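In the two assemblies presented below, chain A is common to both, partnered first by chain B and then by chain C.
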Partner chain A sequence: MTKEYNLTIDGQKIIAQEGTSILDAALENDIFIPHLCHHPDLKPEGACRLCGVEIDGGRMVMSCLSTVGEGIDVKTDSSEIRQARTIAMELLIADHHMDCLACAAANDCALLDISAYLGIQPDRLERLRPSDKGLPIDESNPFFQFDPNKCVVCGICVRTCNEIVGLGALGFINRGFKTVIGTFGNKPFTESICESCGECVVRCPVGALAPKTPKFAAREVQTTCVYCGVGCGIYLGVAGDKIVNVRADRERPTNEGSLCVKGRYGFNFINHPDRLTKPLIKKDGEFVEAEWDEALELIASKFVQSKGDKFAALASAKCTNEENYLIQKFTRAVMETNTVDHCARL
Partner chain B sequence: MNDLIAYQQEAASVWEELNSNDMPLITVGNATCGRSAGSIDVVEAIQAETAEIGIDCNVIEVGCIGLCYLEPIVSIQKQGQPMVVFGNVTLKQVKKLVADYLVNDQIPPKLVIGTIGEEKIGDVPKLFELPVLKPQVRRALKRCGFIDPTSLEHYLANSGYSGLTRAFDVGPERIVEEVKLAGLRGRGGAGFPAWRKWTFCREAESDQKYLICNADEGDPGAFMNRSLIEGDPHALIEGMIITGYALGASVGYIYCRAEYPLALERLRLAIQQAEENGLLGVNILGSSFDFKIKIKEGAGAFVCGEETALIQSIEGERGMPTPRPPFPAVSGLWGKPTIINNVESLACVGLIMQNGAEWFAEYGTEKSKGTKTIALVGKVVNSGLVEVPMGISLRELIFDIGGGVPDGKKFKAVQTGGPSGGCVPEELLDIPVDYDSLNEVGTIMGSGGVVVMDESTCMVDFARYFLDFAEKESCGKCVPCRLGTKQMLTILEDIVEGRGKPEDIDLLEELGEAVMAGSLCGLGQTAPNPVLTTLRYFRDEYEAHIYEGKCPAKQCKEFITYHILDSCIGCGLCLRNCSSNAIIGEPKKLHWIEQELCHKCGVCYEVCPPKFFSVEIRTGELKEEPA
Partner chain C sequence: MTNSIAEIDNAGTLFVIGANTTNAHPVIGQRMRRASQNGAKLIVANPKEIDLVRAADYFIQHRPGSDTVLLMGMCRYIIEEGLHDQEFIADHCENFEDFQESLDAYTPEFVEEITGVPWEQVAIVARTFATNKPSAIFYAMGITQHTHGTDNVMAVANLALITGQIGKPSTGVNPLRGQNNVQGACDMGGLPNVYPGYQNVTIPENKAKFEKIWGGELSAEIGLTHTEIFDAIYDGEITALYLVGENPLLTEANAKHVREALEKLDFFVVQDLFISETAQYADVILPAASFAEKNGTFTNTERRVQRVRAALSPQGESKPDWWITSQIAQKMGEPGFDFSQPSEIMEEIASLTPIYGGISYERIEEVGLQWPCRDADDPGTQYLHKGKFARPNGKGQFVPLEYKKSAEIADDEYPLILTTDRSLYHYHSATMTRRVAGLEELDSNEWLKLSPDDAAQFGIEDGEWVEVYSRRGKIKVRAQVTDICPTGVCSMTFHFHESPTNEITNPALDPVAKIPETKVTAVRVEKI
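And now, the complex of A and B:
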């Protein structure tokens, strides 16, 4: 069994498992420590330097990189810590394209959250020289865009692509202040090995990597992705009678919050005008819309004449496991053949 | 082991023969400093010239003797005579040198620097009695400039690999003990005790350990490691084998920047020679110790001198530092315990094993033992590579060895430790050159770069230069370094270009302290040093720029104007040289400068003959118009 440690964070006694970072232990117990480059799915990086805490009154350590220990006393705030965080945040804001009103991350921006937590003062910001990078926005990808002027170079996208997706489509380019995130050779996303899964987009703490058409859902419906046999858990965001976005279910053991390009972005077929909503029957060489009863009757009459080797069933992977089970049962038991397959190669 | 002893004896007789036979021995400094002064052509010319006259002689190419300002350096030893060292022997001088000295025994007085050996020739001074060399103690650099770096025999004949044989005799524990007794501290920057770092690695349990030699010397103006490798590559190889043996590491890497092609060539040859002679490979000298050395060329990123970034680079990743712990000594290259030592540190390990800990610690201060190689550059008469006992004062280093500031100008400050270090003003020049004393005044020893500045250096512009370097070389990973150095740089640019604001001085200090305290690695943690030390010692210069619109050093273009004085005789030299047609005047009449047109390139100041001294640079008179 994993060891448990008793420790104190800001006077609050908490218990945490061995190996847990101080930052994670604090966040799990509703104690906020500012952080920008940390993501619970990824290895700690220690790059943003915002999550510094004091342990046992000693010198500042990064709480994302330090693990819990028995009896330690952690302070998440002090004048030194606040000073270090404030300057780091001021530097970030002076370098950031503060396009908040038009920004996709407006209601979910780590930069704004931390600014509010620290109480960043506009008059202090005025002392700094704002940077105007004026870098081009990469809009090549049909599902998301990358605005390097909003990027805080936290590296979460790079680590996501390496650690979660295992693709390595992203990396750091240039040195110093000119460091940017980019694909190999800093080509547009569509000219790279990027698979458009959007794992980086959902983890971007600011609006640098943002979905192209962010639509806010009125409510969410928990369901399973219809594409392949993996069965990823998703939440469909619904506005009115339309599905407007898809969010991965972090609790579903099959995907633990991850999705592929189809599951995350491939939902426009639902309301697509080309989608079949009624059965078609070929009459005189032309497909003609029919009612369900007519269609089912026709199918039944043909099935009766087609038992045995004449028959084959091909089911869709978009069906549930139960539906696919029924198809094969029907094929074997009723149609008396084993020629049954499905298209789980979508 | 016996093979080596036999080879050492053979090498000794080859060396003896070279130095005592009746053929003159001619050595030419052919390291990078010599080559950039034209030594490759000089070697060819000497060979051609002596062949033409019909003199049989041995011409060998040697490394840098440290007197870089006198390159190309040619030394000639005739039988029964001390070796005579000549400097500034350019291609044109070769014929004369050969005719005068080699043929006619006449020493050309303009070329001669000194003699090496017991006897004297006339009034030619002894080389090592010269002020530039007398205070020096050349140990790590002892062989540099004297042996042929491509010859293993030359190295062996000069006590080479005797440290290795002794190391195998005494065993790893005793090696660590000796390095501890010697008080060897890392020569690469931070001055961490070598034995302590080694002990972490020795205590870590692992099936594989690595030794890495950090030869990524990246400080502007520093060339200690390059010269050492170019002049005496086997000293590094020997130190690495001993260290690898002490650590229990079977693989060593030399991480050397690709901009050091000659050093790499020397290293490749030295490794090949060592392999061919059983000094590298399996069962070295019958000790049952296996060790191989690989070379990894770096692309010249300054940050790759940082241990964790260097490891990333060897692993094929982008050179970006990773947080510590884990320390490389516990989990380094490929996750295995790894020791990273600087070139000079490793060469010192060889010296300690050759001569003993006591010998090594003869020189130095209580906490900084031994000698230190220093690249002495900037506004100093004798620029070059020197090796001094730790504890020598900065004043001795700059004024005795360095010969002071050229052109009669006044000394202003000295920067030690490269971009990570700070500057030291005149009033602190008596502090000793050791790790702790330099730290106390806000700078560092670093790897040994010393840049001297005279009164014509603007300290704000100087800080700007180093911040520009640090900002460009930052890996971009952590916020304080990536954005803090840029912010500081922009503020400094504003100040030198006349846009400084009164609150900028406090802001620079606040940002500097935040970058130092908050950065992930040593690069950011030290990058503000040039700014903070200039603010500490030369605050008045910052204030003059911001409050008075003046650059006291008369360097920042925004704050200076050029003026022609009444002493002008109208020779027209400045007028003809002015590229912006800003100088107006008729021959033999007083000229003047049209300030609106002047680009402040300074050509008029440069070309005005000193006897007239008619061009003056003024600062703080921006709006003045000449009559």
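And now, the complex of A and C:
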């Protein structure tokens, strides 16, 4: 059994497991502590300096890097804490390209949430604001873009690519104020080892890494990815009669929230204009649209004459279990042959 | 897979042979790289320096077609050094003595000569696999698509048996199944020799069981396999073909032969989302609903039966494949196809398929269930062969193996070996992925990848168009000079109809599995 500790956060009595960070313990108990570089999937970094708290009235510690202990008394707010956070936050935002209405992170932006919490004053920001960085936006990847002017250098993307994807396509480039996130040699994403999986994009707390596809769907449907045999759990985002995005299912043991480029972004074939929408019958060498009844009657009349060794069926590794079951049942029970196979060997 | 995907996290050693996981099973590839970072030893054996090698502790670059020799060499070293699991072998296996004798042929000199791998490297990965447990083996079509593919799989199993690395968490023999539901298509009896749940068609009791439920008399004769079907069509024996959601003109070895066969059919029905290269030859094309427009289940590579749910109405007048097949049967006046929804079909599957006996839609709502799942109380099976093997006496059988050459080897006329591969950005014949503009942008054409040495020898510049000849034909493709290919080996995917790789691959079959040898084709490359 993991040890449990009793502690107090802002006067609230809390029980937390040994090894839990103070930040996680607070968040799990619906106590907000501002944080930008923390992500539940990643190891703590302590880079943004926003999650400072006071323990037992002593000095300020970063709550993401400090673990819970028996009987400790945590304060998440005081004038000293607020001052330290405000300075850290103002410096972060002063350097941030503000374009909120047009930003992909519009109503899901950690910077806006924290600014509101701290009451950041726009006029003070203008005084601090350096000249516009004017860095070029990397639009090389067809599925997402990277705007370094919006980046707060929290490093979540770098850690995601290291810790989740295991790839390490991203890193910090330059030092101090000039620090940016980039690929090896700061080349466009598509000229790097990036595999376009989008794991960094879904974790970006601001609008720096942003999908080019619409972010919001009217409804979601839980299902299973259609591409490879891993069988990742996904949610298809639907708007009207179109699939507009895909999100990973974090509860599915197969992928636990991860996806690849095909699973996350490869859905536009579904609504593609090339989709067949009517049965086609070849007449004089040309395909002619037909009604279902005509097509089915024709097939039934031909298949009736083709039973036994004259018939073969190829089932499909793309179709469902139920469909494959019916195809082999049809072949065996109706067409009187066991010649049914599929592309398992290819 | 005998084991589960999540067990990768806790493996001591991951041995990945003949699988390009970061391209073909990317999320498993991610998990392997994470495991490697967290301390697992990652061994990659592949003729090419695939991306996963960057995360590997050991890279074995053996020659195409030499897998059995490499694996038997590892077995020999493990036994010579006394690193085998003698207790496991004694308690759970049989035929060890015959197997051990067969290892005499795999001397270090012989293994080095055939694989091109120094014996010291074979030894260190063998030692790592045998000692840094739990150890798991992962393979894909680099192991199976050979005329001796069955031997390769047996060799993999031998390695797992001598080290006792099966039937426990984070061990196992783990074939990575390629397509979303290739596991399910096999489970459902989409194979010429078995009914659903691998119940052999030649066993009278099985036949009687299905006859009773389905009605009518069933054939006791094993049918033809994929590649054999096209031979029989070519020879005029099969005259009607019902093809659902496949594109063999791009995916079957020696595709020219497939095309010539399709032209001979009297009646050819295709069900698909698009007019594929293959569908051009159809007499009737039926519009199928996509996975986003229908309900059902897929079974993944770890045997997990998972739900597929409709998010949209079918496009136009397209229909789910289950509906179409049912309608054809009903039009023919046949009973047993009167289903109103897929859950009813699953009920029939569960009633006839012991390994799916406990599967129902209610039970698989959230995360699915892994077969065998025999009844409503069975929680499913995380890993296979726990305590005993699925053979009548419960014992794992060692198989002595002799080295067999590939059907084609490099010679003066065809001096290079072509091996096939997959792109991260495309899927099989790419009817879906090439209709996703972003994926097409990221990877828009075929490349013949070949080594700098070979490029220099044949006077080929990076990026230029070349012709690739095999004994079956030629194709045009652009060359990419890269050191991921060793000298003498070149590689192509098979996603692009403009450069249809399978026009030239070798359709020679493994005698047991009937799988074509698309991983070893002798070719010649010429400037245009």
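Everything below uses one rule, namely that the second predicted complex is superposed on the first by the 267 of 346 C-alpha atoms of A that agree within 3 Å, B and C clash if a C-alpha of one lies under 4 Å from a C-alpha of the other, contacts with A are read in each partner's own complex, and residues count from 1 in each chain.
Keep in mind that, in the parts below, a residue touches a chain if its C-beta (ideal position, glycine included) is under 8 Å from a C-beta of that chain, and two chains touch if they have at least 3 such contacts.
Being a predicted model, the structure only gives us computed values, none of them experimental.
When the two structures are aligned on the shared chain, A:Trp292 is found in touch with chain C, with no touch to chain B.
Between chain B and chain C, more residues of chain A are touched by C.
By the touch criterion defined above, A:Cys48 lies against chain B but remains apart from chain C after alignment on the C-alpha atoms of chain A.
In the overlay built on the shared chain, the residue A:Cys343 is in contact with chain C alone; chain B does not reach it. In the superposed model, A:Phe172 lies in contact with chain B only, and not with chain C.
Shared-chain residue A:Phe143: touches chain C; no touch with chain B. Of the two partner chains, neither chain B nor chain C is touched by A:Glu28.
By the touch rule above, chain A contacts chain C in their complex via residues 141-143, 162-167, 190, 193, 195-197, 221-233, 236, 238, 241-243, 251-256, 258-263, 265-272, 274-282, 287, 292, 295-300, 302-304, 306, 308-334, 336-346. Within the complex formed with chain B, the residues of chain A that make contact are 36, 44-50, 52, 60, 62, 65, 83-84, 87-88, 91-92, 94-95, 127-129, 131, 152-153, 155, 171-172, 174-179. By the touch criterion stated above, chain B contacts chain A in their complex at residues 301, 303, 318, 320, 323, 471-480, 482-487, 490-491, 494, 503, 507, 510-511, 514, 517-520.
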